[in-house]
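Here chain A shows up in two complexes: once beside chain B, once beside chain C.
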Partner chain A sequence: MSKSNSDFSVVGKRIPKLDAAQKAMGRAEYIQDIKLPGMLYGRILYSKYAHANIVKIDTSKAVALSGVHAVLTGEDVPEKMKMGFIKDNPPIKKGKVCSFRDEVAAVAAISPEIAKKALDLIEIEYEEQIGIFDPEKAMEKDSPLVHGHLKSNVLKMPWDIHYGDVEKAEKESAFVVEDRFTTQWVTHCCLGTSGAIALFDANDNLTIHTNTQIPSLAQKDFLESLKAMGLENKRVRVIKPIIGGGFGSKLDTYAYEHIAILLAHKCRKPVKIAFDRVEEFKATSTRQPTIIYIKQGCDKNGKLTFRDMRMVLDNGAHTSWGATTPSVMLMPISSLYRVENVKYVAKCVYTNNTYSQAMRGYGNPQATFAIESSMDMLAEKAGIDRIEIRRINRNQSGDETPQGLKITTCGLEECIDAVEKELKFDGKNEKGVGTGIASLIHVGGGARIYGSDGCGAILKMDDYGKVDVFTGGTDMGQGLDNIIAQIVAEELGLLAEDINVVHSDTDICPWDVGAHASRSTFVAGNAALGAAKKVKQKIQKFASKLFDVPAEKIEFKDKLVFVPGDQEKSMPLGKLLRKAHFSPGGTMLMAEYFYDPDNQNMGKELKGNMSMTYSFGAHGAKVKVDEETGKVEVLEYVAAHDVGRAINPLLLEGQVYGGVVMGLGYALTEEVTVKDGEIMNANFRDYKLFTAKDAVKIKAPIIETDDKDGPFGAKGIGEPGCVPTAPAIANAIYDAVGVRIKDLPITPEKVLVALKKKND
Partner chain B sequence: MEKILITLNINDKPCEVMVYPNDTLLEVLRDELDLTGSKESCGEGVCGSCTIHMDDKPVRSCLTLAMEATGTKIKTVEGLAKGDELSSLQQSFVDHGAVQCGFCTPGMLMSADALLKINSKPDEKTVRKAIAGNICRCTGYTKIVKAVAHAGNSQDHCPDCITFSKAKE
Partner chain C sequence: MKAFKYLSPKTVEEAIAFHGQHSETSKFIGGGTDVIVKLKEGWMEPDFLISLKKIEEMSELHKNEATQELSIGAMVTHATLEKSLMIQNDYPIIYDAVSNIGSLQVRNVGTIGGNLINAVPSADGAIPLIALDGVALLHGPDGERSCDVKDIFVAPYKTILKPGEILKKIAIPPQASNTGSAYIKFGRRAAMELPLIGIGVLLTLDETKEICIKARICLGVAAPVPMRAFGAEKLLVGKKINEEILIEAGKIAADESKVRDSVRGKAWHRKEMIRVHVRRIGLKCLEIIKNNS
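Entry: the complex of A and B
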């Protein structure tokens, strides 16, 4: 029988974030706050053109400036030093630039001001080339090429998938809808901007303090850079300080990190590169923009028959994880609701725009916007209630989807119920007011996109009953430190405050693939739980001799190790640990555990159970549309999520609320505006984030399905909050005023144009 | 341009510091005085991360020259707690889960603290207005708004206020 929250003493409790007090006192140390002795300040010069040949670079004036220690150009970058998973991007470009964010030179100086001055002294002669900025045009045969050595702007990617028989299913469908949707560039807007400090020891081993979500994979990237620099067999230590937000932005290594390494090596001093806000907008990556064609159908009873989707992704000038987002888009396309026949083709196309990366949801918000907008259109065409069509087609526990996803637990129906309980969907709202609903599926039990989806944990008991946990997982504000502490404390009968969680230092912590795919609670949680169970067994074994009872009779609670029903056989954990330590032939109690989930990489057929379990949710929005101005006001918002189990509801709500508001920005206000490859709104005045005044109070019902593989039943919840927000809003706007906006963001201008068209 | 010696009154302590006439107060706090609690996120007065108090009023320290601050009472986030004892507002932020990555937190606290000085029991709308100039990307603001509204005024129906009150007993 599944456990309820009352069975736990620490899991399920609203324990405040362990580092919150330190942060509230202004004592948390971010990269901006770190100064090392002798540290220099690096700065990067970017291209003046979207596409140009570099004819000449003269750095002599910059080199001569007092206080400048080093100036680098593309000539100083080793040939093999390249970034991105297809290694198409050197940290400083040589001979040619392909986007405005292409790095052309870098300096290190004794102050940020001198570094900036030095950049102004670098003279570059460019020869401008024709740029290509529209991905659909870039796909045409006679399009200019972004990279001359390639035959086409279209990347070689495997996204051409067909499950079942879409053509046949379409013929047999009673109702079919078809449309085109687009999604925009948006960016993470971490309040703490990017930065890194690189330094070498006398033996050429590197330590780099950097804002990253992937300490272990970043270590591998940096080792490769060192190798390219001729520094083989060296050590790299990656230390991630407290970071001011991640949201996927730090899932790849960036040019500034590799440039800091080059400068530090050249100067033999620590070199810090820290971005200002403009640079953060221009030189970090965006969410992948998409052009989406969708066709789907149902039978006369509303049962989905097929889904056929085609996408064009603007890859920008270089390749980062944005180009792999179709692997996650495939999940909602093949598996949001039961649909047997699915086709999906995605093309990633080089342009002279900025390149995209991972951002919360990893492709899912884009795909779900099209799917869930289209679901409402299909419901209307079939004359079926929009809630009903979702219930008819809902995923259920025990399903295996065409992609091969195994749905172990599914609370989608309960989520839909929870939304319907809070909001009216009878179409009887006052004029200009409407409600919308949209659902989601997301990976909730890891996501195998790499050779290993694992995470290690090392657990060390001290002499006083306290525990140090060294986790591969990364806390970036989401609260992984609490989750690990609560899981370990629960297992060992301790309090969360007895657990010290050490993370984000590759010299100390075991390997982990990174803080992405909503995987940390599940994977790092299971790793910590595994280590705690091992150490528990060791303690039981020791206590069994001490108490002269079988090991399995020994329990842990309230910092005591005891045999239930026998008051004589009870000892504070700390005392027992000291006994173990200081007895003849003494022992320290420690354990390690590596958890790699039993999920699958997608094979050649692009099938496979990529996650151990899936998170579900349904969002409901009530909006008011001002028909005079086109402005959309969000009146109420409900975000119901199947989370398996809430290890910490206080922090979990924070993930949902934050995700929703990020999703509302995606739906209504946020857009990186790009003109001929140049970002026009690289600041918080023109890039419109929701403020406290715009945001609305959110209700977040938590549905617990107690997943069999999750730590204490938990699934991931980092990303889902921002996945179905845009379609919930778009559907509510349609309900309110009868216009369907298919291009994000839904600005007042777009609403007004659509209203005018409708009324004409 | 030459540096000038000025005296600033920060967190009830006078401190002498050499500044350039065009140094912002934020630069001086962070780089000269090692008071790194105040954060720079946009550098142009939009995000509120650098908010401090000047004579009890919230001010963007990135838009204020250090020279302008002479003769005023400056308070930074480092001045909110008494030693290691958090102020009731700080404690409320902790208890209500209003802190995630924490980068906006110092500025958010300073804006909220200024509000509470003139209105100790603000309603939700008032709180939202008072912190509308402070951007947060993590929390969706819900818990921050609650933390400010409930600071020092524990609410019976709030599970986090209950946890807090019990812990205090």
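Entry: the complex of A and C
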């Protein structure tokens, strides 16, 4: 039987972030705050062109500058040192640059100022080449090549999928809609900018302090770099400082990290590279931009018959996780609503633009923008109410989708109900005001992308009833530490503040695949829970001797270990631990646990149940469109999510609010403006991130479906907040003034152009 | 950022004298919200920063009851203006402009004088002061002089101020009765936003409250320097003011503007926004006049 929140004493409670005071008081140490003895400052020189041959580099003046310890160019980078999952990106380029973001040299000096000066002294002669910036043009046969040694700009990726029979289903459909949607480059805008400090010990073992969401995978990348440098069988220790936001930006390693390693090795001193905001905009990756063609149909009752989608993805000049976002886009394409016949083809195309990475939602916001806009168009064409068509096609518990996703619990219907309850969808709005709805599906129980989707936890109890949990998981501001503390505290009858979560050091913490795919609460949570259960059993065993009762009779609550109904048989946990420790043949209470969910890799056919469970949601927006200026004002916003169970509703709402505001920026204002490969708005003045004053009031109804596999029933909820935001807004704008904007962001200019066109 | 010496003179004369000693390598600083950014980005590298903060008379804001002239010290911050009931009630156009500059933090230190002398086309503070026929009082090595606020600007980042010259204060002449004024910054965001276009309108009606006897239509980001739309103003003077004529004025003002395409916005849209907002702000002025009587 499923438990209700009143059965818990710590889980389900609105416990503020345990590190809030430390951060608010400025005591948290970010990479910018860390200074090691003898540390040098590294800086990177970037290309002046989107596409050019490097004819000559003269570093002599930089080398001669007093205070400079090392100057590196592409010539100094070992041939095999390359980044990205297809290893097409050396940390410093040699002979040729393919984007403005390409690194051409780096220096280490005794101060950031001298490092900067040294960069100014490096003389480079370029020979400019024709750049290619439009991915659809780059696909044409006679297009110039971004990488001359390849035959085509189109990457070899497996995204060509067909479930069921789309052609047949299309013929049998009563209504079909078709359109083209496009989404822009946006970027994570972490308030803490990127940075790393690398240092080698006397035996050439590396320690690197770096902002990463993937300590274990980064360790692997760095080991590969060491190997390329001829340093075999060395150790790499990754230490994570406190991170000021991740959002996917730290799921791959970056050139600056590998360059810091090269510089540190050359100088035999710690080298720090820390980005300023401009560099953060220019040299970190964006969300994957897309060109989306979608066609879908339904029968005369509104039941979806097929969905056919084709995408062109601008890969930029090098390859990172952006090129794999189709693996996640496939999820909403195949499985948002019940649809049996699905086709999806995506082409990733090299251009001389910046390259993309993981970003909250990992492709899902892009795909959902097209799907949910198209759902409204289909509803209109079929003459069916927008909410009704979603109800008709909603996913349900027990479904298995064409992709092979097994929907264990599904609260989509309740989410739609919650949105409808909060917003009026009766069409009786004043002029210029309208409502819109859009739904989402996302992985909520891990995501098996690698061979392992696991996370380890080590749990150690001290003599006083306090606990240290060493987790593989990564807290980057989202509050995983709290969640783990609450889960462990619940299990052991303690308070959240009794639990110290350590997550910062690969020398200490076990392996984890990374803080991605909304998986940390589910996977790291289950790992910590597993360790807590093991330790609990050990304590029970010890107490069973002490109290002379069977182990299963022993319970934990309010820091006591006791036998219910027997007042004699009760002892503070700390005292019991001391007894265990200081008796003859004493024991320390520790446990380790590795949780690897029973989810599946997608095979060659791109099928498989990649997550143990799926999160669902529905967002509703009420907007007002100023028909003279084109400006859109969001009046109300409702974001309802099926979260399994809210381990901490306060943090959960924070995730939803943050996600929605990120999504609203995506929908309305944010765009990395790129002109011939060059970023034109590398600052917060011109990159229109929402401010506190722009943020709207958000209602976030929480639907709890108590998932059988989640820790205390929880599913992941890190990403969903920004997934269906843009289509909810686009649908509301259409409802308000009858224009459909298919190109993000929905700027006043675009709305005004569309209105003029409509009124002409 | 290059190291510099920070000087805090207590009088205007002292500040001018400091500047005289190191005229090539010193820079005045008000609130520093523009200067510090430029220092950090390496656009300027002075050896001396001469702060005007300790010069008391430059931070004074007051209205002469006898002459009804308003005097705004150049060092008066946006926040001081924003919080002043007198500004809120009698000079809504100033309130509209300064209360939407940057963020609270920026308004707490940024000054009206710095806003003018920084001389960007998007300076929010410039538009209301031009609309109110503000007069700038300058003090330099050669003594004092004055000029209309609208004549301060030469080009982006360039003013008529001579080396060592300080903007001491801005004088706003008494306002006629039946005057209404308002400003709007049209941008994408609600805060931390430079205007895509800034529109300020001031209208004075005769005793009948029908006929316009004075009109100011001032535009920011519509040209390299803040500008007045003289043609649109001329159309309104002597006429009965209603929505139709404001629509006409909006069209003329849009045509007079020299808006450009930029990364931030398209010229056609800026024009369109001038057209729309001259009417909207004009109507707001009429509303203000009506409510004040």
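Heads up, the rule we're going with is that the second predicted complex is superposed on the first by the 760 of 760 C-alpha atoms of A that agree within 3 Å, B and C clash if a C-alpha of one lies under 4 Å from a C-alpha of the other, contacts with A are read in each partner's own complex, and residues count from 1 in each chain.
Heads up, the rule we're going with is that a contact is a pair of C-beta atoms (placed from the backbone, for glycine too) under 8 Å apart; a residue touches a chain by one contact, two chains touch by 3 or more.
Because the structure is a prediction, the values reported are computed rather than measured.
Undergrad: Which partner does A:Leu752 contact after superposing on A: first (chain B), second (chain C), both, neither?
TA: second
Undergrad: Answer with first, second, both or neither: which of chain B and chain C does A:Ala692 touch in the superposed model?
TA: After superposition on chain A, A:Ala692 lies in contact with both partners, chain B and chain C.
Undergrad: Which partner, chain B or chain C, is in contact with more residues of chain A?
TA: After superposing on chain A, more of chain A is contacted by B.
Undergrad: With the two structures laid over each other on chain A, which partner does A:Arg277 touch: chain B (first), chain C (second), both, or neither?
TA: The answer is first: A:Arg277 touches chain B but not chain C.
Undergrad: When the two structures are overlaid on chain A, which partner does A:Arg14 contact: first (chain B), second (chain C), both, or neither?
TA: In the superposition, A:Arg14 contacts chain B only.
Undergrad: Counting only touches as set out at the top, which of chain B and chain C does A:Gly465 meet: first, second, both, neither?
TA: neither
Undergrad: Of the two partner chains, chain B (first) and chain C (second), which one does A:Phe684 touch, if any: first, second, both, or neither?
TA: Both partners, chain B and chain C.
Undergrad: Taking the superposition as given, does A:Gly434 touch the first partner, chain B, the second, chain C, both, or neither?
TA: neither
Undergrad: Scan A:Gln478 for contacts with chain B and chain C and give back first, second, both or neither.
TA: first
Undergrad: Given the touch rule stated above, what does A:Thr669 touch, chain B (first), chain C (second), both, or neither?
TA: The answer is second: A:Thr669 touches chain C but not chain B.
Undergrad: Touching chain B in one complex and chain C in the other: list those residues of chain A.
TA: 684-685, 690-693
Undergrad: So in the complex, the part of chain A that touches chain C is made up of which residues?
TA: Chain A residues touching chain C: 628-630, 669, 673, 675, 680-681, 684-686, 688, 690-694, 747-749, 752.
Undergrad: Considering the complex alone, what residue numbers of chain C touch chain A?
TA: 103, 186, 188-192, 194, 263-266, 269, 272-273, 276
Undergrad: Write out the stretch or stretches of chain B touching chain A in their complex.
TA: Against chain A, the touching part of chain B is residues 30, 35-44, 46-47, 49, 76-78, 80-81, 86, 90, 93-97, 99-106, 109, 124, 127-129, 131-145, 159-160, 163.
Undergrad: In their shared complex, at which residues does chain A touch chain B?
TA: Chain A residues touching chain B: 14, 16-17, 19-21, 23-30, 32-33, 188-193, 242-247, 276-277, 476-479, 650-651, 653-654, 656-662, 683-685, 689-693, 695, 697-698.
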